[in-house]
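Each of the next two complexes has subunit A plus one more chain, namely subunit B in the first and subunit C in the second.
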Partner chain A sequence: MIAVELVKLIRRPRTWVAVGLLCLLPAVVAVFLATTRIAPPPGQGAAFLSAVLQSGSLYPAAALALVLPLFLPIAVAVVAGDAVAGESSQGTLRYLLVRPVRRTSLLVAKLVSVVVFVVGSVVAVAGTSYVVGVSLFGAGDPVAVVRALPEVTGGGDDAVAGTGPAAPAGGGGQVGSSDAASGGQAGATRPGADTGDGAVVADDQAARERAQASVSSLSGEALSPADLAARLLGAMGYVTVSMLGVAAIALFLSTVTASSLGATLGALAALVTSQVLVSLDAAAAVTPYLPTRYWLAWVDFFRDPIFLRDITAGLWLQAGYVVVLMLAAWANFTTKDVTS
Partner chain B sequence: MSAGNGTTQRIGARRDPGRLVIETRRLTKRYGAHTAVDDVDLHVAEGARYGFLGPNGSGKTTMVRMLLGLVYATRGEITVLGRPVPSRVAEVLPEIGAMVEGPAAYPHLSGRTNLALLDAAGPRRDRDGRRRRDRVEEVLERVGLGAIDRRPVRAYSLGMRQRLGLAGALLNRPRLLVLDEPTNGLDPHGIREVRDLLLELNAAGTTVFLSSHLLAEIEALCTTVGVVDRGRLVLEDDLDAVRGPTGRLVVRTPDPDAAARVLGSAVAERQDHTLVVEAAPGGPPALARHLVEHGVPLDGLVEQRRSLEDVVVALTGPGSDTSRASRRNGARP
Partner chain C sequence: MAAWSGRVLWRWAVVAVVAALLVGVPATIAARPGDARADPEQLRDLVAASADRPWTGYAEARAALGLPRIAQLADVTTLLSGVTRMRGWYAAPDRSRVDVLSAVGERDRYTTPRGQAVWDYGAELLTIVARDPQVRLPRPEDLLPPELARRLLAGTTAADPPTELPSRRVAGVDAAGVRVTVADPGTTVGALDVWADPATGLPVAVEVRARGVADPLITTAFGELTQGPPDPAALEPRRGPGAGVTRSPTSDLFGVLGRGDGSSLPASLAGRERVRPERGFPALGRYGTTLGQLIAVPLPPDLAGTLLAGIDRAGAGRTLTVEGQGSALETPLLTLAVVRSEDGAQAWVLAGLVPPAAIDSGATDLLAGGRT
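Coming up: the complex of A and B.
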C-alpha cells in the first residue's frame, strides 16, 4: 500500500507544482540579491540572507529560512490535508477500503507518503538553492557567514550573543515556562551592543553590516565543507521534523472532514494561532507547547558550538504532536462510518 | 397493505433459501435521530441474482455500505460468505467485488493506471507481478474497455467510468458481486452489455447483489427481489412468486356494460373496456363460456398476474414522497 501511495504522490502533478514553487521562491530572491547586491541588514529579513553574499554555499540555509514561515507549511498542509479527505471526496476511499485495504494500513501509507513529500521538498529546496547560491554568489568562505549570523527575532529565541554558548550549560536543567521567561529576558538585551570579540571579517561589506545592525558575534572555527554539510543536513532534518507536526495536524483533520480544503485551512489556522500566541507575552504559559514555538531553532545548527537546547526541545515537541495526533487520527479513522 | 407493519412480506411460499451468502439479522443503522436502515433481515442465497429495490434515500446505499464494512451498524448482525461483518470483513472482501454509489477514479490518471493502482493496493497474496497486468487487461476486456488509450479518466464519459468501476469490481474474480446502480449513465446498448455480463458471471457461479431504484432493471435481471422502503425491507421473495397469478381474470370486451350485468358482484374493477373479475371455479374456459352464452362479445380473457410495479407501489404506499425527501436529507449527514 505504501508503494501505491508513493506512486500516487509521484504521478500527481500537484506534487511537482508545489515542489517547483518551493524551489522557485529562493531562486527568485537569489537573482534579485545577485543582481543588486543589496542584502537586507542582518537581523532583518530572513536569516542568512545578509550572509549569502559572502558565501553561496550557505544559500540553502537562507532558502530554508525563506520557505519555512509560509510556503513550506502551506504545501505540507495541502498535501497532508488532502491525504484522506481527498480520497473521501473523490469517492476513491470506499473502493480502496473494499479492495480491501485495512484502514490502519491506509493511514500509515498516507503518513509515509506525506513524510516523503516533506523530505523531498526540503531536499529539493536545499539542493536547488545550493546550485543557485554557488553559481550566483560563489562558494566563498562560510566562516564569515557564521560569524555574521543575525540575531533571530521572535518571542522565545534566546540565543543572543554572549549568552549563546553559555546557555546550554546554564539552562540545561531548565525546561518549560522558565525557558520562555529567559527568552523574554534575553530578547530585551540589545544584541548589537555586543560586538567586541575578535571576529575576523575579511570582507568590507560584512564589516559594514556588523557595524550597522545586530550581529551575533559567536566565536567559532572556520567551517570546513564537511562541517557545513553536516550543519545543513542537521538543519534540513530539523525543518523536516518541524513540518511533520504540521503534517500530523492536517492529516488528523483530514480524517475528520471530507473536505481537503477544510483540513488544510484548519491546519493553517492552527499554525497562525500558534504563531500569534508565540509572540504574545500574555500567552507565555502555553508558549513552550505551541507547535511553531521552536520552528526557528534550526538556525542554531549554524552557531558555534551548535546550540542544542531549543533543537532538542523542538524535536520532543514535534514528536509529541505527531504521536498524539496520529493516534487521534487512527482512533477516528478506524471507527468512523465511511459515507462518502 | 401497510408498509410500516414491521414484517417482511413473502408473497409466494417460503422456499428453502439454500446456502446464504448474505444474511442480516435485525440490522439497524441510525444517524442521530434518523433511522436509515430499520430492523432488516436480508437473505441472499448463493448463486442468486438478488435485486435490492427501493427509491433513492430509502436506505439501500447505507445497507450496501454496512455489508462491506464501510459503515458500522447501530444494532444487528451481518454475515457475509459465512463470516461476521465488520469484525472479519477483511477476510471476506477479497472474495467480493463491489461498486458503491457510482464509480470513482483518480481523474488525472488513465483507466488502466487506475486499475493497476487499485489492484496493487489489494491483499498481498493476490499479487504476483506479471499476472497483475494480465488481470487488469482481462477485466478491461470484459467490460468492453479493452481498447482504451492513455487518456486520463477526467476525459471519460459517465458510461466509460461506469464500465471502469465494474472492471475494478471484477479484479479479484469475486464470488459475490455487490453492485449499486451499475447501469447508471449507460446507453441502452451498454445496459444490455452489462446485463449480459452479469448473467454470464452469474452462470459461472457468482452471486449478484444489485441495488437499484429502477424497477425494470431488476425485473429484467434478477431472480430474487428485496424491496426496501424508508429503511424497512417490506418484501423479499423470488421474482416468479412475486409475479404470480392474483386469482383474478382480466376480461376485455367491446360491451363492458353487458359483461358487468352478467357477472354482477364478481367484477372487482372496471375500467373502460376492461374488467377484472374474481376467478370462479373452472377458470378462464368456464368464464369464457358463461359470457359467450349470455351474448357478451370477448376481445380477450387472461389470468391476471402481478407486475412487480404493482406490488412495489402497493407495499411502499402513497404519499411517501414528502417524508422521503426529508429522510433523504438526513440519510447522509
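Coming up: the complex of A and C.
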C-alpha cells in the first residue's frame, strides 16, 4: 500500500512542479544577492541572508528560512489536502476501498507519502541551494580566512586576544588576556578558563581548519565544514518535522471533505490563524500549543552551544498534532460512508 | 445503525481523550503548586546575598511599560515594551555571558574581570568594552531574574515590609515567594514579588508592580535553569571568522555623557542628595540610594534637541511647566524627561522610578542649579 502511494506521488507531475518551485525561490534570491551584493540590514530579513555573502556554504540555511514561512507549508498543504479528498473528488476512492485494503492502512500510506514529499522537498531545497550558494558566493571568502587566521593561530589565549588588523595596540588585549592573567579570581572560574585557552592554543591545526571554513555560528564560533553539515542536517530534520503538523491538519481535513482545495485552504487558514495568535501577547496562554509556535527554532541549531529548549518543545508539539489529528482522521475516515 | 453510531462515538471518544491528555497533562504538571516555604525576611536577605551563586539557564522577560519608540533610545524603549529572550551563563559577578536571542541572530555580552566584550551577529562585530558606569541605561541582562531582584531589592529599605507569597515551580525549582511592599511614596514601585530557591537564594522569577496598577509591569522568569558553575568554554568571548573587532571605552550612552563636565549638576534634586559620583564619570548625577532615586545627566544641546523632537514625534510626551523647555515620557513605573534651559545652552536628561511631581521638582532644581 505504501509503495503504491509512493509510486503515485512520484508519477504525479504536480509533485515535481512543487519541488521545482520550492527550489526556484532561493535560487532567484541568490542571483539577486550575488549580482547586487546588497544584503538585508543586520537583524532584518530572513536569517543568514547577510552571512551568505561571505560563504555560500551557509546558503542552505538561508534557503530554509526563505521557504519555511510560506512556500513549504503551502506545498505540504496542497499535497496532504489532496491525499484523500483528491481520490474522493475523482471518484477513485470507492474503487480503492473495494480492494481488500484496510482504511487505516490507506491513511498510514497517505501519511507516509506526505512525509516522503516533505523530506524530499527539504533535501531538494537544501541540496540545490548549496550548489547555487557555493557556485555564486564561493565556499568561503579568502579575505575572511586570512583575517581569521591570526585570531586562532597567533598564540593568543582566546578569540579576543588576536584582534587582527582592526585593533589598535594601546590598551589592547584587556578582555582576551584576562583569563590567563587572572590572579586571585574565584576558584570556580579559573580552571575552566585555563582549559578553554589550552584547548584553543593546543590545537592550532583544528583552529586553522575551523577558520578556513569561514562560517560563523550566530554566537561567533567558527564552524568547521563537518560541524556546519551536522547543524544543517539537524535544521533540515527539524524543518521536516515542523511540516508534519501542517500535513496532519490537511490530511485530517482531506478525510472530512471531498474537495482537495477545501482541505488545503482549511489547513492554510489554521496556519494563518496560528501565526496571528503567536504574535499576539494577549494570546500568550495558548501560544505554546499553536502549530507554528516553534517553527523558527531551527535557527537555534546555529547557536553555540546549540539551544535545544525550543527545538525539543517543537518536536513534542508536532508529535502531538500528528497523533491527535491522525487519530481524528482515523476516527472519521474508518467510519465514513464512502460514496464517491 | 445504533451499532454504527456506537462505533463512531467510541472512536471520537478516543480522539477526545488523547487530545485532552496531551493538552492537560503538561499544563497540569506546569501549574502544580509548589510547597516551598521560607521566612520572608530570611528569603529577602538570602536573595540579596545570592550574587555568588552560579547558574546556567534561559529566561524570558516581559515588560509592559508601553514606551513609544524613540530612535535615539530604541534599545531601551524596545526592551521596556516587549519580550526579551535570554540565555545566560553566570559564574561570578565578573565572569558571565548573556545572549539576547532574536529570530535571526543574537547579541552576546561577555563579562570578564578586565572588562566586557559584546558580540553582535547582525553587525558581525565584536566590541571590547573597557568600562561602563554603574549608572547606565537599562540593558536586557538587567531583566534576568537574579539581576533584577538583587538590583531592585538593594533599593528597598528595612522599613519596607516583606510578606510571604504562595510558592511557585519555576524551571524545575520549587521556589518560595516574598513580596516586598515599598512604603516610600517617592517612588512609583508599589511592590516587588520575588520567587527564589529557598536553599540557595537564587531568584528564579520576579514581578515588579507599580503603585495603583493591578498587573505587574515587568515579569521575568527562568524557563530553564541549572544551578552550579557554568561550562567555562561558554564564557570565552569569540568572534566569527571575517568579523570585525573594535575597542570602545564604553558601550553605554551614559558612559560617554558621564565623562563630561558635571558642574551643572546641583547638590540635591527634588529633596534627594547627590551621591558621590563614580570615578571617571563626574557628569553622572545620582540622587538618592533607594528606589525613588533620580538620575540626572547633562546632555549636549544638539542631542537634547534631537531627543526632545523624538519625544514630540512619538506624541506621548508631557510638556513640563518649567522655565525653559522640558518634555517627559511617563509610564506608571518609569519617567524619563529631557530638560533644556531657556537659552538652549544647557540640557539634561532626568529619569527615575518616580512620580511626575518628583520629575517636575527635579527639572526645576536642575534649571535653577544650572543657572547658578
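We take it that the second predicted complex is superposed on the first by the 259 of 340 C-alpha atoms of A that agree within 3 Å, B and C clash if a C-alpha of one lies under 4 Å from a C-alpha of the other, contacts with A are read in each partner's own complex, and residues count from 1 in each chain.
Heads up, the rule we're going with is that a residue touches a chain if its C-beta (ideal position, glycine included) is under 8 Å from a C-beta of that chain, and two chains touch if they have at least 3 such contacts.
Keep in mind it's a predicted model, so treat the numbers as computed, not measured.
In the superposed model, A:S50 makes contact with subunit C only, not with subunit B. Contacts of A:K110 after superposition on the shared chain: neither subunit B nor subunit C is touched. By the touch criterion defined above, A:V4 reaches subunit B but does not reach subunit C. Applying the stated contact rule after C-alpha superposition, one finds that A:R231 touches neither subunit B nor subunit C. In the superposed model, A:V324 makes contact with subunit C only, not with subunit B.
Once the two complexes are laid over each other on the shared chain, residue contacts for A:F307 go to subunit C alone; subunit B is not touched. Touched residues of subunit A were counted for both subunit B and subunit C, and C has more of them. Contacts of A:Y289 after superposition: subunit C is touched, whereas subunit B is not reached. In the superposition on chain A, contact is made by A:T335 with both subunit B and subunit C. Once the two complexes are overlaid on chain A, the subunit A residues touched by subunit B in the first and by subunit C in the second are 335. Within the complex, the subunit A residues that touch subunit C are 41-48, 50-51, 54, 65, 141, 143-145, 147-148, 151, 158-160, 163-164, 166-168, 171-172, 174-179, 181-182, 185-186, 188-189, 191-193, 195-197, 199-200, 210-211, 213-222, 281, 289, 296, 299, 303-305, 307, 309, 320, 323-324, 327-328, 330-331, 334-335.
Listing the residues of subunit A that touch subunit B in their complex gives 1, 3-4, 7-8, 11-13, 90-92, 94-102, 335, 337-339.
Residue ranges on subunit B touching subunit A, taken from their complex, read 62, 65, 68-72, 89-90, 93-94, 96, 98, 100-109, 113, 117-118, 120-123, 165, 168, 332-333. On the subunit C side of its complex with subunit A, the touching residues are 4, 7-8, 11-12, 14-15, 18-19, 22-23, 52, 54, 58, 62, 83, 87, 91-92, 94-95, 99, 101-106, 108, 110, 112-117, 119-124, 126, 128, 130, 223-224, 229, 231-247.
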